[in-house]
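The chains carry the letters A, B and C, assigned in the order they are written, with residues numbered from 1 in each.
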Amino acid sequence: MQIQYILEVVGTGFFAISGALAANDKAQPDWFGAGFIGFITAIGGGSLRDILLGSYPLVWINDINFMYAIIIGVILASIFFKVLIRLRKTFFLFDTVGIAMFTIVGTEKALSLGVHPVIAAIMGMFSAIMGGVIRDVLTNEIPIIFKKEIYATACLSGAMTYLILDYLNIERNFNFILSALLVIAVRIVAVKMNLSLPKFIKEDKAP
Amino acid sequence: MQIQYILEVVGTGFFAISGALAANDKAQPDWFGAGFIGFITAIGGGSLRDILLGSYPLVWINDINFMYAIIIGVILASIFFKVLIRLRKTFFLFDTVGIAMFTIVGTEKALSLGVHPVIAAIMGMFSAIMGGVIRDVLTNEIPIIFKKEIYATACLSGAMTYLILDYLNIERNFNFILSALLVIAVRIVAVKMNLSLPKFIKEDKAP
Amino acid sequence: MQIQYILEVVGTGFFAISGALAANDKAQPDWFGAGFIGFITAIGGGSLRDILLGSYPLVWINDINFMYAIIIGVILASIFFKVLIRLRKTFFLFDTVGIAMFTIVGTEKALSLGVHPVIAAIMGMFSAIMGGVIRDVLTNEIPIIFKKEIYATACLSGAMTYLILDYLNIERNFNFILSALLVIAVRIVAVKMNLSLPKFIKEDKAP
């Protein structure tokens, strides 16, 4: 559990970095704005999950280490911006590991509160993606998850896998790693092969 | 109460259908995105009401039937899209019945938690309209309720009517039906006669 | 405390007025829409703070006077629109006093619930600015706090000052007034001198 806690805190810091960088692409905020958006990106998903579940206190309000990770993340993002941009591929990997981890952590937390597995899967997905959705809404973009790339669906498939393996009494740590790896694999394969889900409704072809 | 419960579950499914269709008009989401927006549209209003009131657990988290209704709604929306588009008028009716019912259900729930009637009326309106508002924000539209049509005001007038009749000790089921019918009537008359509220502030005429 | 309560209620009404006027600049809503946006602007920040902290019931749900202040504010905004527009400078002052007060009230409330001072400062800032952020999101604008003017940072500096003076055992009323005055001073100086924070990341100059 010690390792997982460290990963969660560090992962939150990474989310803040990627939030601040993504915000800069769009709205060209000042220092404060970039930090604010990084902060919202990092805490948004987990906060929404806990508010919907009525699980208080919120993780980042209860444990100040998450806040410190966010503050450090935003500062690093600004100082090492040019390096970070060049490391875009490394970053994609960090982001993917991050959403994988948060998906399973969120699923477990919801499950531990006694909700139905379908709800737990949604809460796992929310933990991973809703910070980014809120960031996109604040910067006046249509959230990317509605438009392209297999992102939220990767999280959802990992959450469902975790729930099935949990139901089959697979050992918890093994299950955690396996399900998280599935999220990572689905996301990487989807991006590499430029996969996307079919459009909800096909556009009519001109006659 | 049995009938009301069935209506609520079915109504939630209808909200998911109309949310998915409305999302498709705007953002052309993939399958997942349309389902996600349908889901948010269906649960958004009631969730916001319950979070503001601190009433846990949220209805759809506590009772999985609502989730099933949403999933079925989204699948039906996709399969029968062309039929549903042709049934636009029928759909308008379903939507109107839906907001009428959710307005009164939400008003009753808030009242049962002991809040002031003015707050209860707002919570009833929120139950009916805020799912659509959140949908519009996510798809980067200015929520329609700020721009035209008597929509939220129909809900508010129904909620206030319910509260007045409740204060006058009118029998509950009779009151429920009467107030809901008022919402429906106001909405239909407003659309048929193309009524709208006056602009908040008149635009200055050029000299 | 009596004076502070009256100031809070009146301040909420002022927030509703400025929300309704700001909404009118952008989305040209009808009467209902302007009132709705004024309402959201007035209650948004405090509601978000209380929801994040799990502090129920929300202030405006518990005490109907806040709701009355909002309703009166919106009605006044509409009737006296032309006068209010001409009073823009007076209004800027009221708004500035309002965010100063709400910042310190929010910081105190969070602190009284036992959170870490860093969290308390964020909650104080949220109380003051998030109503306006939600208003901007609903009217499809990029929230101004991400773009220009020292606004949220003025609140944050006031909240931090309060926390430091509180730590140094400065008398509460004196601390309240001093920290609020700092918010007001920072904001006024920033606007007068057209100060802004540096951009998060400088735009690349063309070679």
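Here is the rule we go by: contacts are C-beta pairs under 8 Å (C-beta built on N, C-alpha and C of every residue); 3 or more make two chains touch, one makes a residue touch a chain.
As the structure is a prediction and not an experimental result, all values here were calculated from the model.
Between chain B and chain C, two chains of identical sequence, the interface residue sets overlap only in part, with shared numbers making up under half of the total. Matching CA atoms, the turn from chain A to chain C amounts to 120°, rounded to the nearest 5. Note on chain placement: the centre of chain B and the centre of chain C lie 30 Å apart, centres being C-alpha means. Shown for chain B are the residues that touch two or more other chains, namely 51, 137, 140. Residues of chain C that touch chain A in their complex: 51-54, 115-116, 118-119, 133, 137, 140-143, 145-148, 152-153, 156, 196-201, 203. Residue ranges on chain B touching chain A, taken from their complex, read 20, 23-24, 27-37, 47, 51, 56-58, 61, 64, 67, 78, 81, 137-140.
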